[in-house]
Amino acid sequence: MSYLLIIECLAVVASAIYGVLLAARKGMDVVGVFSVAFAVAFGGGTLRDLFLDRTPLFWIGNPHYPIIVFGIALFSGVILRFIRHIKPLLLLPDSLGMALFCLTGIGYAMEAGTNPFVAVLLGVITGTFGGVLGDVICNEEPSLFKPSPLNATCAFAGGWVYLGLLQIEVPGEVATIVGIAVIVAFRLAAVKWNWSFPAIREPRNPT
Amino acid sequence: MSYLLIIECLAVVASAIYGVLLAARKGMDVVGVFSVAFAVAFGGGTLRDLFLDRTPLFWIGNPHYPIIVFGIALFSGVILRFIRHIKPLLLLPDSLGMALFCLTGIGYAMEAGTNPFVAVLLGVITGTFGGVLGDVICNEEPSLFKPSPLNATCAFAGGWVYLGLLQIEVPGEVATIVGIAVIVAFRLAAVKWNWSFPAIREPRNPT
Amino acid sequence: MSYLLIIECLAVVASAIYGVLLAARKGMDVVGVFSVAFAVAFGGGTLRDLFLDRTPLFWIGNPHYPIIVFGIALFSGVILRFIRHIKPLLLLPDSLGMALFCLTGIGYAMEAGTNPFVAVLLGVITGTFGGVLGDVICNEEPSLFKPSPLNATCAFAGGWVYLGLLQIEVPGEVATIVGIAVIVAFRLAAVKWNWSFPAIREPRNPT
């Protein structure tokens, strides 16, 4: 399944851009910007590779990945001077990076022969962990665990769509593109219309 | 040592129940509840498997574990509506999960041929890391590192009791039950009578 | 390259001393002090070994390392009663532990045949991750991600010096000593004169 490599490369680029924007918004210096970009771009895939015992890690076996991230971090210093509002730019690379990494997680897990439920979980972990790391480094409360933005839910739903399409023997490339479109569209819609689940139980004052 | 598998399965159930209660108290939605249950139930054992280079990870090789945790998280939505006070329910599954996971850590470490001191440390890490992750996700200060509840100390002491019994050739099943009883009893006593160690050095104002 | 083992042992001792001082300043008890010392001394090297798929982990394969850290944590209880101001004592073991661990990361990465850029990144991760963990456990904002102290930059620069010297066939021992000296001197200078990089982009109020 060599198209997974293309997906992974795009995932690294999208996540690195998201990480750079996140760190720049916080007023970090170039080292901080690179650190956040690196953590966001490689955090999820590193967990995936460790959990599936894939060696070498994808960014050690493909050493051009860290160099691409380094280049994006350096280059952003020039571009970012001309950008006034970063916040509206965050959503697209975030959603895209999550969707792309989610599918690489599912793809490699299926290649390793895991159960489909476990494969989808690994996809969700691969897709979301980078963003969690980025939030933690930027000292934000990780948005994954806040009720609103349905990050994990989008990845979970899109992952099942992708697996279902593969099951009915749709070609991998098509299943991938549909899976990514479902995740990104679901996420944009969830943010736009502010979708959320209800609390499983209202927290009461004397808990 | 196949009884370790039974211990592990019970550890997953106890930890998942603890994770669900912890997340429900915080008013999380069903995705949050599952995430916390998953992190508490699999965090410690995942570190153990990575540190001992055991593959596949226990929740990838036993895919019914994540499905059990998923079921507990869904089912809890019904049960939790009838429960008024969650806090008093937290202590028992927490202590039990910690004790059970601690012994799996020691057992697998000994199987891998580690030094006994390292085996006990791995037991403590396996027993406590899930709870730390759960606290971090719920945005609480991890109670492991606060002076009072003696979590790690109980696991450490019970671990040595377990290893000592194995050394004098008590059967593994008996040693396991005694080890678990020691950890749980020690922990309940430590919480009830508020045992703690003194600070190693009083923090002074001009440090 | 057996001199890497000596470097690693010194790195464990320096990092454990730093961890003990850090935890004692916070008024932790003996278990907290050992936990922080353990996390600082083994955090970075554990990530390094996981990322490079080295087994067993260095503190499992060398079980005297955790025993040394345990001894330092116990012994510190006596020494620390006679010490009034901990803060000025923190910088040297911190810098030294970072420098030593950084070089072990680069050395083992090169042995594993990674690309030089990846090797330096692994050195920086190995050198700094223990300190980040210690800060997180002590509930401090990790100083690595704050603009001022240039931790990662010092490790990055010293790492390239070390690799450059190896490239021109300077003996490993000499390259190591020069690399450590560069990292420690750079770090002490950065703290003393408060060096820092500018923010990549001023954070504006309406971001």
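List of remarks:
Letters are used for the chains, namely A, B and C, taken in the order the chains are written, and counting of residues starts over at 1 for each.
Note that in this section contacts are C-beta pairs under 8 Å (C-beta built on N, C-alpha and C of every residue); 3 or more make two chains touch, one makes a residue touch a chain.
Small disclaimer: the values here were computed from a predicted structure and weren't measured.
Taken as a contact graph, with one node per protein chain and an edge wherever two chains touch, the assembly is complete, since every chain touches every other chain. As for how the two copies chain A and chain B face one another, under half of their interface residue numbers coincide. With centres taken as mean Cα positions, chain B sits 29 Å from chain A.
For chain C, residues that reach two or more other chains under the stated contact definition are 50.
For chain C in complex with chain B, the residues that touch the partner chain are 23-33, 35, 38, 46, 50, 55-57, 59-60, 63, 66-67, 70, 76-77, 80-81, 83-87, 137-139. Across the complex, chain C meets chain A through its residues 50-53, 112, 114-115, 117-118, 121-122, 141-142, 144-145, 147, 150, 152-153, 196-204, 206-207.
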